[in-house]
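Encoded as structure tokens, the structure appears first; notes follow it.
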Amino acid sequence: MSAVPYDHKQLADAAGEIIVNVRELAALGWTPATSSNFSRRLDAAHAAITVSGRDKGRLTEADIMVVDLDGRAVGSDHRPSAETLLHTQLYRRDADVGCVLHTHSHNQTVASRLFAGEGRVRLEGYELLKAFRGNATHEAAIELPVLANSQHMPTLAAQVDTLLDHGPMWGYLIDGHGLYAWGRDMAEARRHLDAFEFLIGCELDLRRLGVRG
Amino acid sequence: MSAVPYDHKQLADAAGEIIVNVRELAALGWTPATSSNFSRRLDAAHAAITVSGRDKGRLTEADIMVVDLDGRAVGSDHRPSAETLLHTQLYRRDADVGCVLHTHSHNQTVASRLFAGEGRVRLEGYELLKAFRGNATHEAAIELPVLANSQHMPTLAAQVDTLLDHGPMWGYLIDGHGLYAWGRDMAEARRHLDAFEFLIGCELDLRRLGVRG
Amino acid sequence: MSAVPYDHKQLADAAGEIIVNVRELAALGWTPATSSNFSRRLDAAHAAITVSGRDKGRLTEADIMVVDLDGRAVGSDHRPSAETLLHTQLYRRDADVGCVLHTHSHNQTVASRLFAGEGRVRLEGYELLKAFRGNATHEAAIELPVLANSQHMPTLAAQVDTLLDHGPMWGYLIDGHGLYAWGRDMAEARRHLDAFEFLIGCELDLRRLGVRG
Amino acid sequence: MSAVPYDHKQLADAAGEIIVNVRELAALGWTPATSSNFSRRLDAAHAAITVSGRDKGRLTEADIMVVDLDGRAVGSDHRPSAETLLHTQLYRRDADVGCVLHTHSHNQTVASRLFAGEGRVRLEGYELLKAFRGNATHEAAIELPVLANSQHMPTLAAQVDTLLDHGPMWGYLIDGHGLYAWGRDMAEARRHLDAFEFLIGCELDLRRLGVRG
């Protein structure tokens, strides 16, 4: 009897997963002042995403909406966040992407400003590089891109597209803004997010200790 | 049958909101050693405010009193904190102000000392600037004033008045002391407080990393 | 019918207060690796104190013993910690002292090593100086002494006695070791402890930021 | 009726202890992105160990397997982590070792990189050195070795063997990777782990403050 073009059970599961994980991220202080947004693919044409401007530490099902992969609201009157496009871009481009997490932690924001000039954070020599899908050794290196910030989403999306054309990638920073990280499901996206946060934190501290740069 | 000139339901709601939020702020360590105070407007002539010297991590309804907008106790014998005047000043001046939060976090205190000489912290280039009412882009800049500390509240209040005469403002630091932040309601005041804390923390860290100053 | 020379109710109250507060301090990471000890005066001749070597995050009544003011066990076979003497010294010397808290936080340990050469940490210009009994203004300054560490408690106690001869004092650091703080009751001792920790943390950070030293 | 060569009660006890402690360590952020592993000796020939790749903040009994002291799965089809060998090496070599904890905290990872060149972190002058079995004074010094990282466990194990030949030792770092700490039982291993983490954190901060190096 549902008039909406997605599965209710799928949405309930996705919403539950988002709520549990986002409350944990909020408790870590990675979503200050109602910032950040989070999504989960429902099917080939829809994703569940947090409604813009909600307090992430008190998230409930009412704070989650459905959008199509062009970022338009489906089955509700909620106004999707402008940044919804950066989520749906990833779902449209790669059928394997099942979850996108966008946070604003202290380390992410500081690193984005510190490395904006270089356009990337180089992560090398860490055992935790094995947390990224496809990496089996600490002898790999990963470059986390840093994009200039913009209020014009198509500008950001075009830069992300260009980066993705060059090979697999699990996240990027936006200058003064925060991190996007993703994966096949919530567990993988969360593992990538946690690994980026941890490794960025190490790189910052090595600079405070005078080892780098 | 109430002999007091404010609405009991209004006070109960305000007290509940203050208790939930202040306990969260205390858990973050922003109210060390019984410091800090918090208020919520009740009506055109009254506000609820925390009683001076109470442990903010164990706040209950008994730790909240009512004052008029000259800072005098109404309906109780509690002695209002001297700093009550810095709260009521804001309620008197602007009917839109509904909530004032004063905290003493590590970052706020350290920044107040570091920037006391310049008299302000300049916040620029952050996406989170959009958290402040009236800002729609990261391309804005906000200057958070730093006042010299004083035990004489009218001296501080006069400086705040002068600053407010120059335009909209959502907070200020007092040197060696902490932050005042406010908004139309608890959610907005808290969003402003969280955004100031986060942005101050970034600015401090960029200096530890040798990027600024 | 009690054969012990202290009041059972008094001990139960003191133990309850110690357990609640010490678990909070353990959760903050101020009692690493079973370190730290905590006491509360029972009467003119006895104090309750934590048994040496217990996990402070899991403290129960069984981890609290009674000592006389020479530091000897009363009514139990527990071996009091060697440092018990630094607690009882304060109770013996001043009938107003009701509670002694000894912690090993990161900031306390780092500051004790950084300032060991100068023999003191100077705390000046902070509103939070008003947290110390007898201070009504931020215009005061407090000097927190730093003693050389020793495994010989009478050596430490003699230095503390000399310092107390020079005037009122609410705490001291021991190099590479941690902080002792005290007050008339648990609330005041805890307020002094929290204020020292906070102010030490600010002083360390101002040095990381290049403002001091 | 058990077909497995270890005691079920022993395993249940070990699993319970691991779950409680690992969840605490996960909450501290010492096990980012499903990293880290933890074990407890069951008897002369078996140990319980966490299954590779599980989320340490949500650990349950299903995430714990049994291995023999050559690191082969016993009574289950779980694939043991490659690093299992670094746990069983310690159980094989010393009948007194009852628990091995391997974590990846920020401080451990940063220190491993900072001190990789020197091959050790020297810990000296701290009261908390008394937390290590056999140390009765802060006047001792402990050297925490830092090994080069390798995906080839026999290479790492051989280096650990050489170090153990030179005398008692309660832990080591692996460059870019994390810390191994151990003890006779969970309480002692945890005390050693907590003490290493704390002391490493102090050493790093003294360098940030310009005191060391």
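Each chain gets a letter, A, B, C and D, in the order it is written, and its residues are counted from 1.
As a convention for this text, contacts are C-beta pairs under 8 Å (C-beta built on N, C-alpha and C of every residue); 3 or more make two chains touch, one makes a residue touch a chain.
According to UniProt, the chain labels map to these proteins: A, B, C, D = Methylthioribulose-1-phosphate dehydratase.
The structure presented is a predicted model; accordingly, all values stated were derived computationally and were not measured.
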Computed over C-alpha atoms, the centroid farthest from that of subunit A is that of chain C
Copies subunit A, subunit D: same or different interface, half of numbers shared as the threshold?
-> different
Subunit B and subunit D: spacing of chain centres that average the CA atoms, whole Å | 45
For the pair subunit C and subunit D, the C-alpha centroid-to-centroid distance in angstrom is 32
Set of subunit C residues in contact with two or more other chains = 208
Among line, ring, star, complete and other, the chain contact graph is ring
Report the residues of subunit D in contact with subunit A in the complex, numbered from low to high.
-> 32-35, 55, 104, 106, 109-110, 113-114, 149, 151, 174-178, 204, 207-208
Subunit D-facing residues of subunit A, complex | 125-128, 131, 136-139, 187, 191-192, 194-195, 197-198, 201-202, 205-206, 208-211
